[in-house]
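Following this line, the structures themselves.
First chain A sits with chain B, and in the next complex the same chain sits with chain C.
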Partner chain A sequence: MVLHKLKRMLSKLGAGCINKIWRLGAGGRLFWLTLVSSGESFRRFRLTIREIYFTGVLSLIIILVSAFFVGMVLALQGYHTLQKYGSSEAIGVLVALALVRELGPVVTALLFAGRAGTAITAEIGLMKATEQLSAMEMMAVSPIARVIAPRFWAGVIAMPVLATLFSMVGILGGYLVAVPLIGVDAGAFWSQMQANVDWEYDILNGVLKSVVFGVACTMIALFEGYDAPPTAEGVSRATTRTVVSSSLAVLGLDFILTSFMIAV
Partner chain B sequence: MERTTIDLWVGIFVALGFAALLGLAMKVGNLTTSSIGQTYLVTANFENIGGLKPRAPVKSAGVVVGRVSEITFDPKTYEAVVSLNIDTRYNFPKDTFANIYTAGLLGEQYIGLEAGGDEVNLKNGDKISQTQDAVVLEKLISQFLYSKATESDDKPGKTASASTESGVDALDASPLDKIGK
Partner chain C sequence: MANAIVEIKDLSFGYKGRLLHKGINMTFPKGKVVAIMGGSGSGKTTLLRLIGGQLKPTKGHVEVGGEVVHKQDREGIYRLRRKMGMLFQHGALFTDLSVFENVAFPMREHTNLPESMIRDLVLLKLNAVGLRGAHALMPTELSGGMARRIALARAIALDPSIIMYDEPFAGLDPISMAVICDLIRSLNDALGATSIIVTHDVEETFQFADYVYFVADGVVAAEGTPEDLRKSELPFVHQFVHGEKDGPVPFHYAAPEYHASLLRGAR
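Coming up: the complex of A and B.
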């Protein structure tokens, strides 16, 4: 009896593992197919521009507003601690490094997954459920080249732009709290920041991170949509999975990328 | 939505992105301040570099004149070999003195150059022979504690000997010491 139960549990675990690996492989194949058939999204760049509008421009409000508040909170919290050590001028460095290196790319990617990733998954899932993708195939139009690839490249282009804007607006928010509100010297705020933030080591690495997050988030959203069961429930589950797995992927990738970048 | 409107918005979006990157580069990063153009390389050997790191500034009279490019260890002399990239606009005599200083009490460490009086200037690939190691705070503290400890060890010893021996002995001891010397 116990043996029977154990057997069932083990086979459940095995099925789960095989399913996960299968999905990973299918995602990898979709990624490869997208890369191979992405010629059209550059030849007809208007397709990609349309998607940049939907994923990038329409995400601007949420990204900019949250960046502003994140910067302001960073400055308040940082000042509280730094002032104990008599180095409140270092607030500029703290805000800039935290935003440029970590919070800019990561928080942007998390918000992007919630704002744009879900939209992509739901759209493609519904396209599949209403058999629009099959119709395209019937007309000898590759849905991967026509639907998936433009959205992929739009996400990859939009993410670094959003992350850079996030960092910049966050620093402006930090400046507004630190200098006019708290009264830190403006010159010290900017000069300490400039002395300690490196163009290549900090800023370019941050942008590189956001490009990687863009690839990961968009690809997960596209795969979940493409793979969703063609039912209302299937699409809703796929949308949830998009948010969960892109957030986890972003945080995991962030650790890996950071460990590589810091070690150099 | 019309195509032209979408184009316009995407254009604004991408332009904003580039503007932010430019802003980060110019206002936040040190792309403008640290752009040391042409540099020449000199090396300096130190017995102890403390917490000096690559990319640390090289200053002379407080002005940044270069950056530390590489720090390696010489297994023959057991010394640290620090390579310095110095701006070609600034020339230093051959007998320049290189020190490792700390900015503030616990701040980052940097290399300070003090120009000597030699008429020949340092060239690319030269070695600065006169160096002074980093002040390691733990070493200083332990030295201080050690000297304090030996001081306080001496005092009880003297008083103990004085109290056990009679006053006459103590008086006798001092002339004898003088004779011995």
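Coming up: the complex of A and C.
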């Protein structure tokens, strides 16, 4: 009896692992097909622009409001610690570096997964459930070229722009708390920031991160939608998986990327 | 048969070792309206997907215009599909596009026609299904019958030589049903196309179909003109045409003996 139970547990574990590996392979295949079918997304850039509006522009409010608050909190917390060491003028650098290097790309990606990623998964999943993708196939139009690829590139283009805006608005939030509210010298705030934030090492690396997160989050959202069982339950589960997988992927990738960037 | 535009030859198809079709032969002659009938779950819709090359047969093949569908590469299948139009069960209209853009979709994807010509063609197609006035609406604003007609306009956008209908009458009121019946026949004759209709609505289909295949248990159980089938004494056809609840197709799903099941539950 115990042996039987153990055997069942092992086979369940094995089936789960095989399923995960299979999904990884299927996701990789979809990624490859998306890349090779991307011609149309650029030839008819209108298709991609439309998706940039849906994924990028419509995410602006949540991204910008969050950025503003994150920046303000950073300034409050930073000032609290820095003043103990008498270096409260360094608050500008602290806020800027935290945002540009880490919080900008990472928090943007997490919010993007929640706002745009879920929308993409639900949309593609429902298009599948209502046979819209099948109908496209039957019209001799590839859904990967016409539906998946434009959304993919839209996500990849939108993410760095959103992350940059996040950092900018965050810095503005930090400024408002540090300078007018707490009374840190405005000259010191900006000049220290200007002197200590490196264009390549800090800003470009941050943008690079957000491009990688853009690829990961958008591809996960697209794959989950494309792979969702065509039922109400299937689509709702896929939407949940999008948020969970994207968030974990972003945090994991962030660690890997940061360790490479710091080592350089 | 002469002039066959679509032929299904000795076709078997199954999922996971279970065969859904076991050696099906069907012929769809040019210019005719042919219905495939059978109970729910008998694999009728799957046959349409096999004709459209969305699935590959386990055995046998489907020929469209003399070409074996499953032996084509992606380009070849897309070339064949450009000759086909398909009406999906619930229309499958693109919900993010207006009615006009839905009908224009195949034209924009496959032709380089100027905008003015696309506009005229779309209005022409919409007029053919009686919904020119609805061109600015979104799919969510349409009734089930209207959505089906718009999807039909989209299916005939590129003047296909084969039109496939998947359950065109499902969930429609009697008026919409009559309209769709009339459209299927009139569009088929006007376009000189061949129509393949998958359905289980006997009365409607028998009014306008030229030929009917009955599918049951994975094989063609009966075939003939509607008049032949109405008179048929085959038990399955009789049960189906007259809608009797018990017969060769049993009322009960296969189960162990009733008393034995009840007693086991009590124990």
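Note that the second predicted complex is superposed on the first by the 264 of 264 C-alpha atoms of A that agree within 3 Å, B and C clash if a C-alpha of one lies under 4 Å from a C-alpha of the other, contacts with A are read in each partner's own complex, and residues count from 1 in each chain.
Here is the rule we go by: a contact is a pair of C-beta atoms (placed from the backbone, for glycine too) under 8 Å apart; a residue touches a chain by one contact, two chains touch by 3 or more.
Since this is a predicted model, take the numbers as computed values, not measurements.
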item	value
Superposed partners chain B and chain C on chain A - clash or fit	fit
Which of chain B and chain C A:Val141 touches, first, second, both or neither	second
Vertex chain A angle, Cα centres of chain C and chain B, expressed to the nearest 10 degrees	160
More chain A residues in contact [chain B versus chain C]	B
Chain B versus chain C as contact partner of A:Ala90, first or second or both or neither	neither
Partner chain in contact with A:Val106 - chain B first, chain C second, else both or neither	neither
Chain B versus chain C as contact partner of A:Arg46, first or second or both or neither	first
Which superposed partner A:Met193 touches (first chain B, second chain C, both, neither)	first
Contacts of A:Thr164 with chain B and chain C, given as first, second, both or neither	first
Partner chain(s) touched by A:Gln132 [first = chain B, second = chain C, both, neither]	second
Distance in angstrom between the closest Cα atoms of chain C and chain B, superposition on A	10
Chain A - residues contacting chain B, complex	46, 49-50, 52-53, 56-57, 60, 96, 100, 157-158, 160-162, 164-165, 167-169, 171, 190, 193-199, 201-203, 207
List of chain B residues in touch with chain A within their complex	1, 3, 6-7, 9-10, 12-14, 16-17, 20-21, 23-25, 27-34, 55
Chain C-facing residues of chain A, complex	126-127, 130-132, 134-135, 137-141, 146
Touching residues on chain C, where the partner in the complex is chain A	52, 54, 77-79, 81-82, 84, 86, 88-90, 92-95, 105-106, 109-110, 151
